[in-house]
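Following are the structures in question.
Each of the next two complexes has subunit A plus one more chain, namely subunit B in the first and subunit C in the second.
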Partner chain A sequence: MKWNIKDAEHWSWKKYPEGALILEGGNAAYYKTGGWRTDKPAWDEEKCTQCLICWISCPDSSIIVKDEKWDSFDYDHCKGCGICAKVCPVDAISMHPEGGEE
Partner chain B sequence: MAIRVAYTGNGACAQAMRQVEPHMVAAYPITPQTEVVEEFAKFVADGKVKTKFLPVESEHSAMSACIGGVAAGGRVMTTTASQGLAYMWEMLYIASGLRLPIVMGVANRALSAPINIHGDHSDTMGARDSGWVQLYCKTVQEVYDTLIQAVRIAEHDEVRLPVMVCYDGFSVSHSLMDLEVLAEEQVKGFVGRFTPRYPLLDIANPVTYGPLALYDFYFEYRRQQVEAMATAERAVREIAEEYASLSGRRYSAVEAYRLDNAEVALVSLGSTASTIEYAVDRLRDEGVAAGALRIRTFRPFPKDAIREALEPLKAVAVMDRSESLSGWGGPVGIEVKAAFYETEARPLLLDVVYGLGGRDVGVDDVREVFGELKKATDAGKMSDPVYYLSLRE
Partner chain C sequence: MATIKELSRKPELLTGGHRLCAGCGASIAVRQVLLGANDQVIAGSATGCLEVSTTPYPFSAWKIPFIHNAFENSAATISGVEAAYNALKRRGKIEKKMKFVAFGGDGGTYDIGLQSLSGAMERGHDMVYVCYDNGAYMNTGIQRSGSTPFGAATTTSPAGKVRPGKPQQRKDLTQIIAAHNIPYVAQASISHWKDLVKKAEKAFSVEGPAFLNVMAPCPRGWRTPNEITIEISKISVQTGFWPLYEVEDGEWKLNFKPKELKPITDFLKPQGRFRHLFKPGNEHLLETAQAEIDKNWSWLKKRCGVE
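Let's look at the complex of A and B:
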């Protein structure tokens, strides 16, 4: 990132870009939305066919794929919307109450 | 070379827009501004300007399109009045909050209900806290001159705020007056090329417009707008000077008329100042130490200039062409009174609400107000802080 906003909460009002503009792309990742979640997705490796429909459907880019294979959930950003579980054709993803048993 | 012609306020507004030739105009016609949209659409149809004209379906869309146009990287202008301005309401705050230099002509008109198409300041006074610079014009010439200057004020490097150029519905918008139109190259040279800041069409440098800012950051952005508005006071002054050297016509935030050695004065906005100045001349002939002050820049509010001009006077009437409905008069009167809170000396201040719904104000009406000021100076106090002029009691 060229635009360093690491200590933005300590800036003077004079330093913020006018009009509340965000001057660079890609920095939404700094904002962790995982805390919004009430239901948490879980993945069943045995059922998964690696179709990756969950990856393409996730509105928060929270399905992590490595070497063209399902790898993990990004729980820092997953809001628990459940779309991945809904679109999975083989029920390999299930939703569970946050804080409950996995 | 400049030429002299007879134009209405709306015609002058359209001429200024033609000469500025913005990238885009998005507008919706509404009385008493309709002719501006008609004339400008004709300029576009006749190929006199390269401007993209968007005949949108509402004022809410007009302002939304203007916001999108500036954010994309263009110079945009629009015009409206009354209910149209009211319909733009939420977008007004978005334009100023995003710091987008939009220039808008407003032919001032009363607000419904009851429905009324005539001139008063209810529309723009209601938008006084929307973060727009507001300039009020006295004549057709001033509408033209102010629109051209407004482009520079809005786009000033340290301002970047939208600007409303306000002129009285019918009494200016539809009145033919003498107008000096500058040469095309003079106007083009004065406004210069538009320099976009963070344009959305610059795809190599993507930016986000309109993100969420809650209790953590929202406050800081409002504070920046306060600073931009304070800077606008200087920008209005500097750009007026530059325009004076181009046109020979000099404007300032407040304009004093025969205030030297005056004891009583009327403060007003817009075209009523002409009537007041005429009455002041007659009163001076009769030996009354009368004067006048016109507030041209209402936002930012020129409190220092107002204090300086009015402090030596015995009594002042502030002419309000709208009611704040707060229970103590019109917005101009309330703000002028507030400006004197910190001063040691202050004149007696009378708030005069007048001309609502376009009710005419003539020389005799102005004389009546000066008469009230005479009564107040004789008594050493105001009998009533708000005076309703030409109202059926």
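Let's look at the complex of A and C:
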């Protein structure tokens, strides 16, 4: 279900659904937490063994896996905690300061 | 059980964009627990970091139905949802198979929600209760709870000249719930995902109440770097601070048996909340912490019939 909350901060009380319902599950995804990041993860395809331990250890559901293969980081939501880099058994993920050179 | 590759095909039920801190153990615990579910799941959460951060109105990070409730009654609320589901099912108004899960932090489970949890377990509802245990009331600013370990500095058990952090030992909630003689009780850690997902799968598949106590570190409250959340949970298991075991229909089983436990200092040292224990003159506190671990470990081994 699509529920437009873009201008929610300007809503009057009449616009809120009764019972403080949230009418769209998972709409937190519209809120970008990527801006919290100070360190940015980078992935090395050659080193990666597709064990996916980074994916199951990510607190922000920010490692996207497609067809059982590592696909990408969700930089819109990744907070740069560095857990993925730490748990990787083959050092295929490294952390780099945000805004620095790649 | 499914392999990690098969699990990766399951839909993501908790989206990014929730406001939990970077490196939080709670959302890792939730993601891994939900991977164990094979039917539609309805969730609720006791007030705590998890609830306020995943559902700041008008946002919700849950792609499954989620019900808000107060601090003390997440087990009661979910048991009520389960009862309503059964009533609707009897009248033929719902056919879909559904499972019910209540989440709570250690504050909402060990202390504030203990009575409602005990009641729901005793009434035998078909539900799963998951405690994500980070050892203090982190949401309100790191106050001590019944789960806070001995010696930990919190804002209500500060370490100073007179008192060296929390003077009491933590209580063992998993055993309290095991004493309810429900079909399934287990202790798990986010560092051992295979064990955790398997336990969640068992918990969801039993008919009747099930309880999971999950180690979920808090970088903010433990004063640890964000990136070591998984590593420190692994050390908590290896030192015997957080043994992995399950009680299935009264059968106790130890799931992780190291030849020798690592010293408890391996777990305490990386954490800022235990820094004062390593000052000269406080050696006896470390000995006390180690003695408690040794005592509990040998008791648990005996209980599980392991030598």
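The definition used in the following text is that the second predicted complex is superposed on the first by the 88 of 102 C-alpha atoms of A that agree within 3 Å, B and C clash if a C-alpha of one lies under 4 Å from a C-alpha of the other, contacts with A are read in each partner's own complex, and residues count from 1 in each chain.
Here is the rule we use: a residue touches a chain if its C-beta (ideal position, glycine included) is under 8 Å from a C-beta of that chain, and two chains touch if they have at least 3 such contacts.
Because the structure is a prediction, the values reported are computed rather than measured.
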First, second, both or neither for A:88, with subunit B first and subunit C second: neither
Which superposed partner A:18 touches (first subunit B, second subunit C, both, neither): first
Partner touching more residues of subunit A, whether subunit B or subunit C: C
Which of subunit B and subunit C A:30 touches, first, second, both or neither: second
First, second, both or neither for A:68, with subunit B first and subunit C second: second
Doubly contacted residues of subunit A, that is, touched by subunit B and again by subunit C: 8, 16, 20, 22, 24-25
Residue numbers on subunit A that touch subunit C, as the complex places them: 3, 5, 8, 16, 20, 22, 24-33, 36-37, 50-53, 55-62, 65, 68, 74, 76-83, 85-87, 95
Touching residues (chain side subunit A, partner subunit B) in the complex: 8-9, 11, 13-14, 16, 18-25
Parts of subunit B lying in touch with subunit A, wherever the complex brings them together: 97-100, 160, 198, 205-211, 213, 216-217, 219-221, 223-224, 227-228
Touch list for subunit C against partner subunit A, complex: 4-9, 12, 14-28, 31-32, 35, 54-55, 57-66, 68, 190, 193, 219, 225-231
